[in-house]
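Below is one structure; the comments refer to it alone.
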Amino acid sequence: MIEYLIDGPLWYFSLAVFCIGVLWQLASIVFAKGKTDLSVARGSAGRGAIRNVFSRFMPHREIAPQIRVQVVAGYMFHLGLFALLFFAAPHVLFLEEHLLGFGWTPMPHWAFIVASQFAFLGLIILWLRRMLNPVSRLISTLDDHVAAILTFIVMLTGCLALLEGFTALRLLHRFSVELLLIYFPFSCLMHTFTFIPSRAFTGAWFGRRGIDA
Amino acid sequence: MARMKFYCDAERCIECNACVTACKNENDIPWGVNRRRVVTIKDGEQGERSLSVACMHCSDAPCAAVCPVDCFYTTGDGIVLHDKDICIGCGYCFYACPFGAPQFPKDAAFASRGKMDKCTFCAGGPEEDNSSDEFKKYGRNRISEGKLPLCAEMCSTKALLAGDADVISDIYRKRIVNRGGSAFNWGVSSNIKG
Amino acid sequence: MRIQTLLLLFCLVLPQLSSAAGPPKSQDSPQGVSSINPGADLWREVRQRDGEILEGISQVKSVDSGFLINARGDEWARFRITKLSSYGGIAIAAIFVIVTLLYVVRGKIPIEGGLSGRMVRRFTDYERIVHWTLAIVFLFLAITGLILLLGKSLLLPILGKEVFSLFASASKEGHNLFGPLFLVSLIMMFLSFARRNIYENGDLTWLLKGGGLIGKGHVSGGFFNMGEKTWYWMVILIGFVIAISGLILVSPFFGQGRWIMELSHVVHTIGALILMTVSVGHMYLGSIGSEGALEGMKSGYVDINWADAHHDRWGKVCHDENLIVSAEDYARLQGRKPGDTGELATEQGK
Amino acid sequence: MSERLEKGLGVLRAEMDKKVQSFFSSCVRCGVCAESCLFYTETNDPRYTPIYKTEPMRKLWKNEYSFWGKLTSKLGMAKPLTEADLADWEELVYDGCSMCGRCSMVCPVGVDIAMVIFKVKHALAVAGFSPEGLVETTQRAIDVGSPMGVTLKTVKAMIKHVEADTGLSVPMDVEGADYMALLSSNEIALYPEYLESLVKIFDHAGVSWTLSSQAFEATNSGLQIGNKAIAGQLVQRVVDGAEKLKVKNVISPECGHAYTALRWEGPNFIGKVYPFRVVHILELLDELRAQGRLKTTGMETDRLTFHDPCSIVRRGGVLAQPRNLLEPITENFVEMADHGSMNWCCGGGGGVSGNERAEELKLTAFNKKKSQIEALKVDAVVTACSNCRMVMEDGIEANEMDIPLLGLTELIAEHLDEKRTN
C-alpha cells in the first residue's frame, strides 16, 4: 500500500509540484516589474550579463583567501551532488525507465564512492560553518537549515539503500526525495536556477558601466 | 528424519570438475560464483589427492553462528540454507566457514559485495518450492522433487556422494573394508599410488 | 605463527582479552595406533594442525580457493561472538554507568568565582569545523558499527529478522560509505591540532593529581592539559589503525585472504570499542561535566575564569598579552544588537 | 500601523523589482559578502554583513513575495516588518555602509547587494529614519542650493581669487559653450585649487567651457541620504542650467557620488534622457591627452600611489583614465593592493562622511586604507574624489601619519607644458 503510494501518486504529485513550482517562481521573477536604465551605456549590458554568469564561478583573486572554506567545501558538495544525481547507476537507470526513455553511461562504482565522499564532507562542513561562524549564524534563516538537513537526509537514505536489496530502504530514499521536490520551489534551494538571472542582472548593470564584475 | 551430507572419496576423485560444471549449469549460477570447487593437494607429487568441496551443511555451522543478521537456518533434513532477503552481504560467513563455501557476486550495481550465495544441497530456499522466485535466488530445488544434488548424481567415479548420512557412511564403510589395510588408516589404501 | 602475531596484538591492545584466542586444542589422531598411517600426515597438513598450511590448487580461481580447510575461521567466529560482542557491550554500558555515577558524585565541576563573562578566543572557526566534522562522522560510524556488533543480541529479538536486517544493511552501507570520511577528518584533525598537543613540562603533575578528579581544586595545565593531549593522541593513533583496517575490510576486491580480513576485523573492532568508551568520557567532561567547557567548541571563546582554572598556563598568556574580550565586545562579536546580551539578534523568519 | 512605517513599506514595495526578487530567491546566506566589507573586516561585527543590511527588504520580500511568507502571513504567524526594524537598521545602513559596492563584486550568486542597500536607504529616508547631519545638509541643499550652504556669492568670490592667481578669466554663463563645468561643495569650500587647475588646463588645451550661475553645485545630498525624489530634484537643477546654456557636455567634478548622481542615476531619477553628454573630468582629461591637446612636462619623483574612488571606478567605470593620466607624469608610481574595481573604500562614502554619529566607525574603517598605504611606503597618495580626499586626510591626521593627499586634476595642472601657446 505504502509502496504503491510512494512509487505512484505521491511521486507524480511531488514531480508536478516541483516542475510547476519552479516554473511559477521563475515566471514571477521574469514578469515582475523592472525599469529600463535611461543613462547612456558605456559598455555592452548583454556581454556583461553573459560574462558575469560564468565569471562568478571563480572568486576574485582579492577575496579568495578569506573564503577558502566556503569555496572548497562548496565545490566539493555541489560537484559531488551533481555527479551522484546524474551519473549514479540506479539514477541513470531510473531516469531511463521512468522519465526520459533514454540513458547514458553511469559512473563506475569507485567513482560513485568518491563522489559521495566529496558530497557528504562538503555538505557537513558547509552546514557546520553555518552553525559556527557568527556571520552565517546571524544571517541564516530556518529555511537554510531545513534545506541543508533535507538534502543531507536524501543523500543519506540514498547511501543506506546502496545494497539495493531492501524495498523499504529504497522507498525511504524515494520518499525523502519526494519531500525535497515538494519543498524545493519554495525555498532557498531555488538558487539552483535563480543564480543565473541574478548574475545576469548584476552583470548587465556592471557591463553597461564598462566594468568587468 | 534424514540428515543430508556430502562425502567425497579422495581415493576416487579424478579432478574432472564435472560436479562443478553440473552445479553451475543446474542452478544457473552467475559468473564469478562457484558453489562447488575441486581442490587438488600435492598436485603432481607423490600422494596427490583431489577433493570436491562445497558447503558441507555442518550440524553446528560457524556461518550461522557468526551471521550478524541470523539469516541461516537448518531444514529438517539437516540442510543449512540462508535467506537472501535477510542477508546483508557482510562476508563474515565466508571468513568463518572452514570450507570457503560462501560466495559473493561482484556484479551488484553498487555494493562491492552482493548477497551471499552458496550450495543449497539443491534444496532451494525459503521461497515456495520450485517457484521461479526461488530458482532465481537459490537455483533448482531437486530435494522437493525427491532427487539428490546433481553434482553427486553426475560424479562418474562415484567419488562424490550425497544423501542421508547413514546410507553414505554404510557405502563408505564397505569401500574401506574392500580396500583392506588398517581400520584406522583413514580410508587410504596402504600402497599409495604415485 | 600468524596465530601468535594475533595473540601478541590482543596482549598489546586488550590484556583481559588475551586469553581470547588460545592455541587451538589439537585433537591428535586416535591413540594407540601403531601402524604407519600414510594418509594421516596428508590430512593433518590439510587441516593445518601444526600451523603449516598445505595449499592445493583448484580450477576455481577465487580468494583462498586453494585451501581445503580454514581451521582458524571458526576460532575467529567464536572470538567475535563470545568475546568481542559481549565484552564490547559491557564496556560501553559500563562507561555510561561510570559517567552517571561521576555526575551524581561530583556534579558539574564549577569554576571558582563563577563565570566572569569576559572571554578569550580558544578555537578558530576552522578548528571547530574540523572537530565537529570528526565528531559527527565518528558518532555515525559508532552507532552503525554497534548495530552490526550488538544488534544480533540486542535488537534482533525485539525487531525480528526482517526489520533488523533493514537496519543492519543500512548500517553496513552507511558505515562503509562514511568510513573514508573518518580518515579524511582525522587527517584534518591531525594537521590543525598536532602542534599544540605535544607533551611538555607540567603534564606529569597533572597525571599524578588525576586531572583534578582526585582531591580538591584544579590542576595546572597549558593550552591543552595532559588528559586532553592523551585523548588526542589516542584518537589520532587508534583512529588511524581503525581507518586502515577498515579500508582493508571495505575493499575485498584486492584479493586479500580471509586471514587478513579476520585480523583487520578484530583490530578494527577492539580499537573502535576503546575509542567509543573513552569518547563518552570526553563528551561528559566537555559538556555537563565541567562548567563553561562546551562554550569553547560552540563559539570558539571561553570564559577567562575557566581558562585560569583549567589551563592556568595558557590563561596567564592571555592575561599577559591581554587577549581578553569584554562581555560587551563578546556580545558584539557574536552578532548581538548593542545592549542585547541575550538571544542572538537573528531575524529567524522562515 | 504608523504612517512612517506606511511610507517605508510603500517605497520598499515600489522598489521590489525583478532584480530584487531574483536576488533574494538566489541568496543562500553564505556570508562571503562579509569578508568583502571593510565595515565588517575592521570591526568583526557580524551585523555589518552587507546582506544583513538589506534585512528589512528581505523580510518584506519573504512576507509578501514568497510562498511560505504569504502562507504564514495569512495564518498570522509571520513576523511583519515593524517600525522598530527600520529604526534598528538606520545605524547599519547609514553609519555602517559607504555604498562602495565591493560586496556586489564578490557575491557568488551575483546579488548586487549595494543596490538593494540603497533601496533600503531610500525607504528609511522617506520614512524619516535618517541621521541628523544628513537631514540638515539635504534640507540646506534644497533651500540654499548647496549642502554646505555655498552660495553664488561665495563662488564669485572664489572666482576672483582664481582669476587673480592665474591671470586667466573664468567664463560664467557662456551660452553654447562645449562644456559646462560643475563644482562640488568640498571643492568650493576646501579645495579651491581644483577650479584653478581647471582654468589652467582648459586654457592650455583650448577648451570652450563655462560655469553656470544657476547650476554650479554638483554635490547631490539626495543620493547620499538615499531619497530619490530629492536627488532627482537636485539633478533637475543641473539639467535646467545646462539646457539654458545649450551646452553639449556637462563635466562632472572629481567628486565620486556627484558623478554617479549625474552620469548614471540622474536620468532615472528625473525619468528622461539628457540632451547633453555627462563626462567625468578624468574622462575629459584623458580624451584631451589622447587628442594631443594636453601636453605635460616634468615628472613627479616621489613614490606615488592612486586610491580608486569607489563611485568613480567600481561603480562608475572610470578605471583606465586615471592610470593613463598618471603614467606620463610619475616616475615611480605603485599600484595599491586590490587596486582597480576591487579597491577598498576610504570608509566615508555614501554619506558616512556627512554623518557625525558615524565619525568613530569611519575612523575604524579607515584602518584598512591605513594599512594599505603603510604597506606601500609611499610619499603621497593621489586620488580623484574630494570626499575620499577629505576622509583620508581626517584618517591620516587621526593616525598621526605624515602622507599628503593630491588631487589628480591639480597634479596634471602642475605639469602642464607652458611652452605651448594658443
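A, B, C and D are the chain letters, set down in written order, and residue numbers restart from 1 in every chain.
Please note the rule applied: a contact is a pair of C-beta atoms (placed from the backbone, for glycine too) under 8 Å apart; a residue touches a chain by one contact, two chains touch by 3 or more.
Computed from a predicted structure; not experimentally measured.
Fewest steps needed to get from subunit A to subunit B, stepping only to touching chains, is 1. Between C-D and B-C, more C-beta contact pairs join the chains of B-C. Among the chains in view, A has its Cα centre nearest the centre of the complete protein Cα set. Averaging Cα atoms per chain gives one point for each, and the point farthest from that of subunit D is the centre of B. Taking the mean of the C-alpha atoms as each chain's centre, subunit C and subunit D sit 59 Å apart.
With centres defined as mean CA coordinates, subunit C is found 41 Å away from subunit B. Chain geometry summary: the mean Cα position of subunit A and that of subunit C are 35 Å apart.
Averaged C-alpha coordinates put the centre of subunit B at 88 Å from the centre of subunit D. For subunit D, residues that reach two or more other chains under the stated contact definition are 46-47, 68.
For subunit C, residues that reach two or more other chains under the stated contact definition are 165, 169, 172-173, 333-335, 345, 347, 349-350. Shown for subunit B are the residues in touch with two or more other chains, namely 85, 87-89, 111-112.
Annotation, chain-chain contacts: A-B, A-C, A-D, B-C, C-D (touch as defined at the top).
The touching residues of subunit C, counted against subunit A in their complex, run 125-126, 128-129, 132-133, 136-137, 165-166, 169-170, 172-174, 176-178, 180-181, 184-185, 298-300, 333-335, 344-350.
Residues 29-30, 33, 35, 37-40, 42-43, 45-46, 54, 56-60, 62-71, 73-74, 76-78, 80-81, 148-149, 151-152, 156, 161-162, 164-165, 168-169, 172-173, 250-253, 258, 261-262, 265 of subunit C touch subunit B in their complex. Interface residues of subunit C facing subunit D in the complex, by the touch rule stated above, are 332-335, 337, 345, 347, 349-350.
Subunit D meets subunit A in the complex at residues 16-19, 21-23, 25-32, 34-36, 40, 46-47, 49, 51-52, 65-68, 104-112, 115, 263-268, 271-274, 277, 314-317, 319, 338, 341-342. The touching residues of subunit B, when paired with subunit C in their complex, are 17, 20, 32, 34, 37-43, 47, 49, 51, 53, 62, 65-71, 83, 85-92, 94-100, 103-104, 106, 111-113, 182, 184-188, 190, 192.
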